[in-house]
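Labels run A, B and C following the written order; every chain starts at residue 1.
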């Protein structure tokens, strides 16, 4: 026998699917923006910028779906927490998309025959891989309502933050070559974008824990002093 | 189908129409005879037969007494059945016996009172008006009880609940909510019982007998309209027979008036 | 089973059964008259069991209803919520074959104690029913005064009491020119408010409401809900409702019942955002019931 409110729960599942698939789009964008950066591919960078429309479109779709569900179905309890979380999640998706665009926009600016620093490049590459895996893990954690997986994201994020600080330090010590210094500043910006992507995945992790436990706790990360857990 | 039912209705109405016609044809002229309503029957075979005043008043007096006895008791029993007894075995037994009583031939009540009160000369008299009233009351009682119970059951239980929930004791719920709400229905039922009582002859035969002169002494014999019809209609003298017709018309008219009253009250309350 | 966090209110408001503590008048709004408030009164059920003949309708129910708060009872049909409420003012025993065991306390008063007069209990614990039931033979005025007349209570100023009662339910302006007209001539929503005025007029301490708005149109329902919100300042209110959204809008705390047992009892927000029991979650999200 069909459960009562079958339509509603179907709609909710579909909406969640739409929001989480946005994370797949983010991964795509992330991959391409980092590729365009390493190969100085301006055309690819341009595609990343243009494709952000898809992510923005996805945001609007999910947002509209949430409004509709709230107005018509009056979700409560667990359903309500999912809907509220999805609002956050889709926001994070949109922001992560914007970070990818920011990275892509830096590609033409960072010049053609530029001097490069191996350490910084390695660090950026590692950050990129980490960010990618974090986005993927965030999707898995939310979809699976997996609290352990969500909490693990915090651990991974400390690594990204560490790399970010390292790049900054390295850029400061890079030397007197003007071109090199300029390039390093751009790399700082890229690192910051990647670090922000990491923070957004932590937000998604917090939302996952909220959906499961009904408690909202901000995960302390290495970049901010530890906060006391708060319950609404 | 429709035609058949229509025809059946006409057939059923024919006797009624004939009765009314005969009553009017034979009795109406008596109404305009001088002294018909204002003088008592003389009781003599020859000469002026007199009027029917004592019969009319006697009927009214006896039925009034029967009403005073049967209505309060009847409504009381109905209240017991609906408010307190409900479905208990005792209440159901009472209901059963009340149903039986509605089917008892009216002459049985007369005979019962005859044996218990008349032959024993209870109260120092043989036939007496009050004994006839008691017999009539016994006859009217089951009618009052049944109609009252129906009306009382129609009072929604939500009203009783509302009154109880306000902290009213049961007796107040009955007297301040249930009775006022069902009042018009109770009145209608009572009027119908009275109309029935007015027309009953058999109970009066062995209990009140008759008298010619006007009397209000309840402990003595009294004249009544049904009895008058009963005796006069078989008289060989046509003039006396006509008195019977006039009395019959009067009786039917009085019963009709009571019925109309009952209908008026019923329609007023539902409006 | 969770109990709501209302310790401060309960401790402040325990008083001997029925006697109003002196208190400054509580105004409920500029247009409403100041009515002398009573100290809050709490109701406590402990191990309440009720039977209809052999059928065991409610099982070991223990609930605390905090003073001056609205507590809602929700649950599917047949879960026993109406039975619980009818045990509080002892209307349950009006049904032939029905009985109840356990303890129901109004402050310090044990409602089921053998020496307690049931009509006195019902004067302290008023009830509003699902279908509005004004007395059809009485005018609007008489309906409001009915509570007093039916209990043989003399009132010093009946007109004033009727006026205040009708005002407190927001009905005064609508009927002040036709107090003598029959109570049943009003619309459904007005009739229900009239019934509430009738209950309020006897100045109870607790008001029980058994699905008070389920027979009304949506606008009347919202008006009743607003009224409940105002009334809780002076009375402790228990409301049975099958409309979960209504419970969500109106109640401070909510009790979820299933098959005669209390499953969960907590702050309304918690019940509707993060219930502790799986069955509560499934019921409020509509997965069954």
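Please note the rule applied: a contact is a pair of C-beta atoms (placed from the backbone, for glycine too) under 8 Å apart; a residue touches a chain by one contact, two chains touch by 3 or more.
Computed from a prediction, not measured in an experiment: that's the story for all the values here.
> Determine the groups of chains connected by touching when chain C is not counted.
Without chain C in the graph, we get A | B.
> Using mean Cα positions as chain centres, tell me which chain lies farthest from chain A.
B
> With centres defined as the mean C-alpha position, give me the chain A-chain C separation in Å.
52
> Averaged over CA atoms, how far is the centre of chain A from the centre of chain B? Could you give it in whole Å?
Each chain's C-alpha centroid was found; their separation is 95 Å.
> Between chain B and chain C, what's the gap in Å when you average each chain's C-alpha atoms?
50
> Across the complex, what residues on chain C touch chain B?
So the residues of chain C in touch with chain B come to 89, 91, 94, 96, 119-123, 126-127, 129, 131, 133, 135-137, 146-147, 149-152, 195, 198-199, 202.
> Going by the contact rule set out above, which residues of chain C touch chain A in the complex?
The contact residues of chain C facing chain A are 244-245, 248, 271-275, 280-281, 284-289.
> Mind pulling up the chain B residues that touch chain C in the complex?
Contacts found on chain B: 86-87, 156, 158-159, 161-169, 172-173, 176-177, 180-181, 183.
> Under the touch definition given earlier, write down the residues of chain A that touch chain C in their complex.
Residue positions touching the partner: 3-5, 8-9, 74-81, 213-215.
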